[in-house]
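Notes follow once the structure below has been shown.
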Amino acid sequence: MEKETVRIENFSDAVFAIAITLLVLDLHVPSSEIIKNGSDLWNYLKEDWASFLAFTLSFFSIFIMWVNHHKIFKQIYTRNTAIMFSNGLILFLASAVSYPTALLARFFDGEASSTVVAIYTGIFVLINLSYNLLWFLASHNRKHLRPEITDLAIRKIRNNYLYGFPTYLIAFGISFEFPKIALLISMLLWIYWAISSGKIDISKS
Amino acid sequence: MEKETVRIENFSDAVFAIAITLLVLDLHVPSSEIIKNGSDLWNYLKEDWASFLAFTLSFFSIFIMWVNHHKIFKQIYTRNTAIMFSNGLILFLASAVSYPTALLARFFDGEASSTVVAIYTGIFVLINLSYNLLWFLASHNRKHLRPEITDLAIRKIRNNYLYGFPTYLIAFGISFEFPKIALLISMLLWIYWAISSGKIDISKS
Amino acid sequence: MEKETVRIENFSDAVFAIAITLLVLDLHVPSSEIIKNGSDLWNYLKEDWASFLAFTLSFFSIFIMWVNHHKIFKQIYTRNTAIMFSNGLILFLASAVSYPTALLARFFDGEASSTVVAIYTGIFVLINLSYNLLWFLASHNRKHLRPEITDLAIRKIRNNYLYGFPTYLIAFGISFEFPKIALLISMLLWIYWAISSGKIDISKS
Amino acid sequence: MEKETVRIENFSDAVFAIAITLLVLDLHVPSSEIIKNGSDLWNYLKEDWASFLAFTLSFFSIFIMWVNHHKIFKQIYTRNTAIMFSNGLILFLASAVSYPTALLARFFDGEASSTVVAIYTGIFVLINLSYNLLWFLASHNRKHLRPEITDLAIRKIRNNYLYGFPTYLIAFGISFEFPKIALLISMLLWIYWAISSGKIDISKS
């Protein structure tokens, strides 16, 4: 069976690559009117810490989305319209991440903090749902998958994304009260995805 | 016969991917001077609904353009200068979509509503024409096409784009009087293209 | 002999694709404070004609650069450091085109007209030189070229770029006195490149 | 042994290509209110020389990063999570380069000069470290490398990046006192990398 998803993967790679690289446009260079010397600049950069945090957080979040996309599509050999459009939904959300990131950068350090963290964690709830949807559509009758894949591997991938859902939901839920903890959970989820992405690899052999 | 259009497809994929991802730059982050707390931010986002609508509409429009480009180029094996430049025209229009989108985002909710919807639907009339042109140039003497393609499949693809033309023209025409309905037609055309893109697939076998 | 320039071509394609798509960012959306209704918008768009001209001119200029890059690299099979960096120079200039384009868009219709046309045509003189350099470095001892290429084809490609040089230089020279004619020559050169790009194709067989 | 890093290379190529092309967005077009004629424009461009220097310096720095990435990944055949994420770190830094570049463009010619050169050379210290890390992770037990690679070639690549480290550190260190010399060292390092990138090539055969 020939793999017919190459051009989808290339297109998706490009969208992830652009989305991840555009994030830097939200780091603003201060006007030369307010920066007179080196210590003004250091102060500006220190006060702007939320921008650098948001940039870093979103960069690695999209990077992990791409790693996971990569892993899922290694198992998908053929496509139909539903797979095509659920992949489109993932790309839509990936390209949209930069907007909540910019909101987070500007308002995390202030009164609107819980609102921007709720929006930020909220988009990752949607992203998790869209990965669950893609894997469900690709795997529910096996005919779109790599022929050699085992039932165990299919279930492992499914569970991997299913277990992410309540965690993102919790981060979203507590963001209204404890925005800093909610953001911390999002960061810890990186480690979960980094390790679990390794686990999928092992399950293939 | 070797397929010699690989680098054209890669370049086109990249242009579509960038055009689709740049759309997010039209979502503006409000200044911290007008946003004092969370409810200010929610109100800002609610009033800015036209931006989110325009972003979503254009994202999936370009995504469908890419899906269709993908389908057409699966059938094209060799190229000449005319095919190269009619593809260039498609890419020109795809990369330009972000401008009418930004106009729509800013002026849909106001006096200039019918003007921006006319410009927005107008560019999709041109896009439809450019796809018709590409398919005409590629298919009119068959020598550029995949050797196994049937006459039926060639006609199906041709009709698919031909039938789109009057619909886009109607959306354009009524946009001067009923901009909201014109935009609704553009959204309904997504469903048409999503389903018809499936139909082309079937006709190959 | 294996073609070892695939990743260079992919990277170059991506740079051309991004440079061509970023041009749209120079089309500015007017503020909603100065646009009260549809006719205000039409007037704004009409007065901004130089932006649309500059966008179109630069889009097809970069597109033709890519077509030519494509043609040249079809003949290059191996690379050395000099080829790598002369290709880097082409990409540098391609990515820089958007700046003279933005200058042209803003100042073509005014006092600084001849200055911006000189800068704009000047960058294309440099681009032509960089293509001449790339082809010289790749072809001067044949060992980097596709083994089947004929001497005639090598000379045809060389002459194609050599003849472009005086024309671009003339456009640059007269831009100080007759900026509109200089820009017209740049547009006519598209047709020259479009046709001559076809000629290279023929010379291969 | 099959090379399984193709999609990583494609994704990395795209990130480098976007990062390198976005640099042009830091070249600002002056407002038409302050530019009345051609000589105003020439004066503006002359005063803005630091922007053009920063653009050129960063373009070729990222280009050389890509050339080196290319060379390293020609030797890497399989990947694990650590390689994946150390590559992610390189891409993170590559996409971030545009921010110190924009700072350099705006403040190099003024009081904050040594601060922005320290930030600018500082990011290249981090980039050098991330390349050393990637090569360490890929080469320390050889199983991820191209089977035919010799011990000599592995050591040559390692030394190549190790020797870069003190040089970047010196540039960083003296930037606080002599920012112009520090920047000059960064430019001279281009030549070092350009030549040494050729040396890796030779060591393979």
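Here the chain labels run A, B, C and D in written order, and each chain numbers its own residues starting at 1.
In this text, contacts are C-beta pairs under 8 Å (C-beta built on N, C-alpha and C of every residue); 3 or more make two chains touch, one makes a residue touch a chain.
Small disclaimer: the values here were computed from a predicted structure and weren't measured.
**Student:** Measuring between Cα centroids, what's the chain most distant from chain D?
**Tutor:** Chain B.
**Student:** Taking shared residue numbers divided by all residue numbers at the interface, is the value for chain C and chain D over half (same) or under half (different)?
**Tutor:** different
**Student:** Measuring from the mean C-alpha position of chain A to the mean C-alpha position of chain B, what distance in angstrom results?
**Tutor:** 26
**Student:** Let me have the rounded angstrom distance from the C-alpha centre of chain A over to the C-alpha centre of chain C, please.
**Tutor:** Distance between chain centres, rounded to whole Å: 36 Å.
**Student:** At least two partner chains per residue is the criterion; list those residues in chain D.
**Tutor:** In chain D, 10, 14, 18, 22, 25 touch at least two other chains.
**Student:** Flag every residue of chain C that touches chain D in the complex, lowest number first.
**Tutor:** 7, 10-11, 14-15, 17-19, 22, 25-26, 80-81, 84-85, 88, 91-92, 95-96, 98-99, 102-103, 106-107, 110-116
**Student:** What residues of chain B sit close enough to touch chain A in their complex?
**Tutor:** Within the complex, chain B contacts chain A at residues 9-10, 13-14, 16-18, 20-25, 27, 29, 32, 35-38, 40-42, 55-56, 59-60, 63, 66-67, 70, 194-195, 197-198, 201.
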